[in-house]
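Each structure below is given as structure tokens.
In the two assemblies presented below, chain A is common to both, partnered first by chain B and then by chain C.
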Partner chain A sequence: MSAIRLRAARFALNAAAAFSLGFILLPLFFVTWLAFFRQEIPSFPPEGYSLQWFAAAAANKSFVDGFILSLQVGIAATLIGLLLGVPASLALVRHRIPLGPGVNTFLLLPLVMPGIVLGTATYVFQIEVEITTSVPVMGSLVGLIAAHTLVVIPWVVRLVTASLAGFDRSIEEAAQNLGAGPVTTFWRVTLPSIRPGIVAAALFGFVTSFGNLEMSLFLVGPGRTTLPIAILQYLEWKIDPTVAAASLIQIVLIGVSMIVTDRYVKLSRVV
Partner chain B sequence: MSTIAPEAVAGGRTRLAGLLVVPATLFVALMLIGPLAILFRYSLNKFVPGQFMVDALVIENYIKFFTDGYYLNVLIRTVRVSVICTLACLVMGFPLAYVLARTQSRFKNLLVIAVVLPLFVGNAVRAAGWMTAFGSRGALNASLMGLGLIDQPLEIMYTENAVLIGIIAVNLPFMVLTLQSVIEGIPRNVEEAAFSLGANPPVMFRRVLWPLALPGILAGTILTFILAMNAYATPVLLGGPKFQTMGPLVYGQFAQQNNWPFGAAISFILMTATIVLTMTANFIVRRRSR
Partner chain C sequence: MAWFSISHLRKTYGDFIAVDDVDIAVAKGEFLVLLGPSGCGKTTTLRMIAGFIAPSSGRISIGENDVTDLPPWKRHCGLVFQSYALFPHMTVAQNVAFGLETHKVPEAERGPRVMEALRLVRLEGFEKRYPRELSGGQQQRVALARALAMEPQVLLLDEPLSNLDAKLRLEVRIEIRELQQKLGLTTVMVTHDQEEALTMADRLVVMERGKVRQIGTQRELYERPANRFVADFIGRSAFIGGKVMALGQFQTSGGLSVACRSASVVGPATLALRPERVAIGSEAEGLPNRFQAKVVHASYLGALLDVQVALNAHDRLLLQIPNRAGLSEPRPGEVMTIGWAEDAGLVFGEG
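The block that comes next holds the complex of A and B.
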């Protein structure tokens, strides 16, 4: 009887898990479906299927420009974030720095800040910088990249410190015993062994930046919108297969990049 | 002397290496604390229609928020939506997190990707999916009417229910991933020990799994609550212009009303609520685990 109850509990558990997973994936399923509709109005059941909306999405200037801008900002913010975050993580794990845990928490702070608050704060900050220095930062690419770097840094620190924590330092000592200098040791020993953490940090940093909406909303200038904002503005006006096709392209790109990354770093280990 | 010199060198290098943390810290300080300080200063300014923002040192923006029924209602609605969504995420997220943490399946990585992928796709895209499903001729109404269960299409779009469903779906992956990492840290044999001592699954869950997973449950709850309080795309697209929550309210004050002082004050009220909740939960966890 206990075996039956255990099996029943297991079945209920799996059913509940499947329901939740389905709930998470359902909106993506509908977007995918809509992208292939023949008619423009999203009414069910569809009258037929067509691939014409992918051409329409590729011809839509705001989607294409938004995609290019998001890509530029994402890559730049990720690189700067790694440049600042990896050395900081090394220092935090390896060296007794004053207030170490406090500094660690501080660097993770942008992650728990509401995006809307980050957006308004950065907006008024850029206004003040522009008034004081008369450098046009409002709505500029540099301003956007700087703001996105702020939300990339916590991911880098979090994932790289985690991968450094499990690192055996005696390997480095061995390298130095064999005559390697600190720089050689870092490039040939330390860096390769924390590569999974760095790859994961780059992936998470990039997609955080690429998908950021709440903060970017305040920082984009006229004629300069990121892809998530272009999609949001389009959806506020109407929903049709064109926006679904643009979204599907995005879903496929992110999905493929995750599966490729997963071949090098097991995502289930780092998330 | 020979014993002191190498130590000094080592100490110097350590101090030098410790400096590696400085650039990132300065960057966050400049780009986070600086802006927040200016935002707070703005929230104490006055807004005079026609004159835009006037320098002042008043708390009237905060008083306005807490004395006007409209704004208080927006805050209460946002907190209510956030609490419901967070509880739903916890109830729906735990089974999935448990299965993901304990599965031996070789498709585990694909399952994790299936949970993570929507997270990276963006809130607007996911709202688009629900818009397709909920419209008067959308998938849900079309199937219900096709089955003859209803004559008139259900009004789901632009209701609180649509916003709730949208936010739950957006936040569920965060809860699942947080819980999964905690459950993976709980040795499987403590569960087996409970079973062999005669506990049935519900008792094992209540007496073993829940207490051990509590830090993760709190972390996940805090995270999803913050995200729900802060939601923008989902309430705008699924709730429509009449369904105001704090996120769109802040944006409207900045972008449409040009009332920066009041917008800054609302931002601060939103952030303070976030910080107070995070610190309280942190405090409770630390006291419990002691």
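The block that comes next holds the complex of A and C.
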């Protein structure tokens, strides 16, 4: 009796897992399929297959510019996010700072805040800054990078505090005992030990920034459009498979970077 | 001549006194062991020597130098951690070379010194392995090689054997001791394992509740314990309560009168007797303290028989009978004659 129940339970679990996975993968599957359709208006069944939309995506100036801008913003935001987030994580884990748990939650907040809210708030803030200081922040590259840094920081703090929590501090003492001062100890022992967390944080931070649409919508200026926005703008006028091709390139790039990262740090162990 | 010394060292955490007025002097090349139950302050003392804990007061000096206010990285004392604390992202050779790099040893010299250190701990051929690929015993040897490579002024060992299995522990402690003697290293080790301490040390420091209870060689601690704690902690003793009536006269709480050399201060006291100093049967003849004793419990321990006997309702003793051919095992309830010499019993006044 119980054996049958167990088997039923296992079947239910597997079915649920398969369903969830399908739910996630199905859109990706259709985007991939669509990118190779020959006809301009997506309809089933496809009339034939072609690579022309990839050429169209590569020839589309706003896609290419958007891709480059997203790349720049993503890399800059990730680097700044690491520079701010790693020391913050060290402080949170190592020192008893006043309101520590509160500060921790505060730093994670951009992750749970709806993108629209975050975008509106940042937009209003940047306008206020511009009015008060007369520095043209609104619509500037700096403003965009600053906003994206905001969504990178939670990833850094979450992943780096997690790797620090399981960190054996006696190896830092061993380094000091062997003649290494605090700076050498940090670079040669502490940092390499939390490297998996940092690499994973950089990857997820970058991906979050690269794919961000809602917040960026408020902050881009004239002639400065990120890839997700470029895609959205294109969709307002046309629905040919160029968009699918551009998305597929994005998906492949992110997928490849995750696989490459996973070779060096086991992401499943860190995240 | 003390090469390394600690004077009036004290560490308090609020009201709690972790280490209280500790004075230790170590000669060059000496192997000193800090021994005591957990929480006695031995590890805190070691960490103060290494510089990880700042003393509340007192001085520490190595050689000519007062190191009390130096940070850990300027003390030049090699510490072998209980957990070994190897750098997981570095190979064995990189681990061992770390101390040489920080001390700016020229690159050409590093390789040979790493090899020499690994040879000392018999780990040649393991240079390119990572710590996770080594057994516990090998990791421990890497930790030792890493500390030795930088040629420390003092070698510090923090319970270095506690993570090894019992059989390996016996081998490694002899290995470490031989290495220490060969290199003439001034060494301070912390342990709670009495046997380990006795086999490895030149001298031992027995600590309890932050205080040094006695410093001495194995023989001194065993045969002339300074107080009841040491008599109890080092080896085994039977303790009989009572009082000192007059010079050399001890009366047990069960009313027996015992002749004792060390009884000097009149008042409540405890008599300590080592089990092997108590004679049985015909061997007890002619001894000043002779009593009839009833066997309470006997345990067969192979080489020895452990026997608990009662002299009366209050006074109990512990005997050890060597397992000789034809020995008849004492049975509970059996009565035997026991006796001990005047100088066998040690009397400790109370307070």
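To be clear about the criterion, the second predicted complex is superposed on the first by the 270 of 271 C-alpha atoms of A that agree within 3 Å, B and C clash if a C-alpha of one lies under 4 Å from a C-alpha of the other, contacts with A are read in each partner's own complex, and residues count from 1 in each chain.
Note that a contact is a pair of C-beta atoms (placed from the backbone, for glycine too) under 8 Å apart; a residue touches a chain by one contact, two chains touch by 3 or more.
Being a predicted model, the structure only gives us computed values, none of them experimental.
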{"item": "Chain A: partner with more touched residues, chain B or chain C", "value": "B"}
{"item": "Contacts of A:L25 with chain B and chain C, given as first, second, both or neither", "value": "first"}
{"item": "Partner chain(s) touched by A:T184 [first = chain B, second = chain C, both, neither]", "value": "second"}
{"item": "Partner chain in contact with A:I171 - chain B first, chain C second, else both or neither", "value": "second"}
{"item": "Which superposed partner A:L235 touches (first chain B, second chain C, both, neither)", "value": "first"}
{"item": "Shared contact residues on chain A - chain B and chain C", "value": "none"}
{"item": "Chain A residues within the chain C interface of the complex", "value": "168, 170-171, 173-181, 184, 188-189, 192-193, 195"}
{"item": "Chain A-facing residues of chain B, complex", "value": "13-14, 17-21, 23-25, 27-29, 31-32, 34-36, 38-39, 42, 92-93, 95-96, 98-100, 108-109, 111-118, 120-133, 135, 137-139, 141-143, 168-169, 172-173, 176-177, 180-181, 195, 200-202, 223, 226, 229-230, 232-233, 236-237, 246-247, 250-251, 254-255, 260, 263-264, 267-268, 270-271, 274, 278"}
{"item": "In the complex with chain A, residue positions of chain C that touch it", "value": "50-52, 71-79, 81, 83, 85-89, 98-99, 102-103, 146-147, 150"}
{"item": "Parts of chain A lying in touch with chain B, wherever the complex brings them together", "value": "2, 5-6, 9, 13-14, 16-17, 19-21, 23-31, 33-34, 41-45, 84-85, 87-88, 90-92, 94-97, 103, 106-107, 109-110, 112-118, 120-125, 128, 146-147, 149-150, 153, 157, 182, 207, 210-211, 213-214, 217-218, 228, 231-232, 235-236, 239, 243-244, 247, 250-251, 254-255, 258-259, 262, 266-268, 271"}
